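These are the structures in question, set out in turn.
Below are two complexes that have chain A in common, paired first with chain B and then with chain C.
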Partner chain A sequence: MTIRKTASDYSRSHEPIVWGLFSAGGVIVAFFIPALILLTSLLVQVGIADEAVLSFDRVQSFAQAWWGKLFILAVIALSLYHTVHRIHHGLHDVHIHIPDSLAIIIFYGGATVLSCLVFVWLLAIGW
Partner chain B sequence: MSTSEKTIYRKPYVQNQSASWWLKNKFYIWYMVREGTAIFVFLYALILMLGLLRLAQGEAAWNAWVASLSNPAYIVFHGIALIAAMYHVHTFFKMFPKVIVIRFGNWKMPESYLIAGQWVGFVVCTAVILGIGLFVGV
Partner chain C sequence: MTDMTMKVRVQRYRPEVDEQPWMQEFDVPYTEDTSVLEAIQFIKDELEPSLSFRWSCRMAICGSCGYMVNGEPKLGCKTFLRDYKDLEIASLENFPIERDLVADLNGFIEKLETIKPYIIRENEKDLDTSEPITEAFTQTPAQLSKYKQFSQCINCGLCYAACPQFGRNPEFLGPAALALAFRYNSDNRDQGSKERIPFLNAEEGVWSCTFVGYCSEVCPKSVDPAAAINQGKALSAADYGLNLISLAKKD
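For the complex of A and B:
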């Protein structure tokens, strides 16, 4: 087998951009996600915290504040970029090979679409 | 052919590797566990997104979403997701000193200081989020 390559076959890597989002997401996941899992999904449900913690009025007023919106968008969007990057490379590790151009659309495109949805829903919640 | 184009003729050697290569060694298994934690965090992010949508849809939708989280299957999932997230924390903090080296003159900050510093940051962040989340305005 002989492979013929020309200079135009070598393109700039997208890796620095996605690695930046991946790292920022890694920080967000490390510092915020464990506390958030406890807060949204465990402490109230197992009866340690009061149900009022997750009351509609309280969470709505949090999501209506600009800093609340920023927090929600940053946590969800960066967690998505971080995790799709790992899942993308993890699939490669277990020998599920998706062509790079398609993988970029599926994983990073998918994370971008989902982040846009978060943005739209945050606007829908109002101020 | 223009000068910017080079023709490369090569016969790549392709080493056969089985898809279960990572099961053969403890180090590789833990590597895959670390990568696997992303699946749980990804699913949790989707659950948060669903909650945000329900919040936008109004009080009845939100209350139904909160009630659904009490389903035992959800509680078990979030328990596993918490463990997965904590393993991510452990590995992420251990990785940081390999990426960032802090020097003052000839003195290089030991990795253990940087790891300990991040854990202090983790405790503070967690305490602030839980403090505000559980107590402010409840």
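For the complex of A and C:
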């Protein structure tokens, strides 16, 4: 015999933070990454787009513009958060259990460190 | 054509004599339209009268005859022998076994009740119940379509037998209960979302789901609980944000 639970038996999960990053990263991975692969690794190489599109000067000026920096940071950081979230829950699904605190440090901590490195690098290459 | 027979293995468990569940094999005659439920009924009527199982309507609306059929959660009345070479029928996965094919679904029913699956009105308590209510709450087809799909659930429990997260953590409110919460939250006549959001917000609520999606695959009524849960995640995430800036009521 169990008693029906009420709202006070439940406490709020903090999962929405990582899920929010995961969702935003999902959009990036689904929509922007394929376009970026096409743009940087296919169109120029097979001769559809002009080589000048990917010239150093052009790419550098993109990476030195504030909106370019924002785009690069968003694409890399959100893809990272998306990926580690998938790995974290994927491991749970295949019955490899990592304690939550350790998982936070390894996965989300790792993504944060790499994102910070990207941020520092974006500042370092100047404006 | 009654000359076809199939080997049917049925799970037996009689708690007073059996240490653990075991499989008993029967030869069952069948035709093109013999359902799994009819096969078990044949076994009970003609071969093994002590076999226990739940069933009622025979037409996929009562939700009583959920079994594992060759390892997949199925309604016995909606699954046919013609689609199989041999059969293994067991009680629903992830639930305790009461007897033979009867699973103990009490925990599941309690979860359905937990999320307040009824229309809640804000001024309900102030309503004068001495007078008959003459007011009607109108609903447009567009408003109905927002939740109609999620109201088709027959509480058969197949989605819980399918859900690996419920299998790992029985405290998880699970697909049907969360789909039901979403159904009432999406009903324009309802004003009780605030009372239900704490259930969604919990780890045992929408956040135990990793969107495996098998619940929606096995659902015999195409309710798509996985979609409901993941839209519930968006609701819960929004509530989390609002709560951070103290706009939402504290739990």
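One rule holds in what follows: the second predicted complex is superposed on the first by the 111 of 127 C-alpha atoms of A that agree within 3 Å, B and C clash if a C-alpha of one lies under 4 Å from a C-alpha of the other, contacts with A are read in each partner's own complex, and residues count from 1 in each chain.
The rule we apply is simple: contacts are C-beta pairs under 8 Å (C-beta built on N, C-alpha and C of every residue); 3 or more make two chains touch, one makes a residue touch a chain.
None of the values given here were measured: they were computed from a predicted structure.
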**Message:** Let me test your reading of the model: by the given contact rule, A:A74 touches which partner, first (chain B), second (chain C), both or neither?
**Reply:** neither
**Asked** Should A:H82 be classified as contacting the first partner (chain B), the second (chain C), both, or neither?
**Response** first
**Prompt:** When the two structures are overlaid on chain A, which partner does A:L54 contact: first (chain B), second (chain C), both, or neither?
**Reply:** first
**Message:** Per the contact definition in the header, classify A:L114: touching chain B only (first), chain C only (second), both, or neither.
**Reply:** first
**Request:** Kindly classify A:I106 by the partners it touches after superposition: chain B alone (first), chain C alone (second), both, or neither?
**Result:** neither
**Asked** Thinking of the overlay built on chain A, is A:I98 touched by chain B (first), by chain C (second), by both, or by neither?
**Response** neither
**Asked** chain B or chain C: which reaches more residues on chain A?
**Response** B
**Asked** Given the touch rule stated above, what does A:W19 touch, chain B (first), chain C (second), both, or neither?
**Response** second
**Item:** Footprint overlap on chain A, comparing chain B with chain C
**Value:** 2, 4-8, 89, 93
**Message:** Help me check something: in the complex, which residues belonging to chain C touch chain A?
**Reply:** 106-107, 110, 113-114, 164, 195, 198-199, 201-205, 207, 210, 212, 233, 236-237, 240-241, 243, 251
**Request:** Please give the residue numbers of chain A that touch chain C in the complex, ascending.
**Result:** 2, 4-8, 10-17, 19-20, 23, 89, 92-93
**Prompt:** Which of the residues in chain B come into contact with chain A in the complex?
**Reply:** 4-12, 17, 19, 22, 32, 35-36, 38-39, 41-42, 44-49, 51-53, 55-56, 59, 62-63, 66, 69-70, 74-75, 78-79, 81-82, 85-86, 88-89, 92-93, 118, 121-122, 125-126, 129-130, 133-134, 137-138
**Prompt:** Can you name the residues of chain A that touch chain B in the complex?
**Reply:** 1-8, 26-27, 29-46, 49-50, 52-54, 56, 58-60, 63, 72, 75-76, 79-80, 82-87, 89-90, 93-95, 114, 117-118, 121-122, 124-125
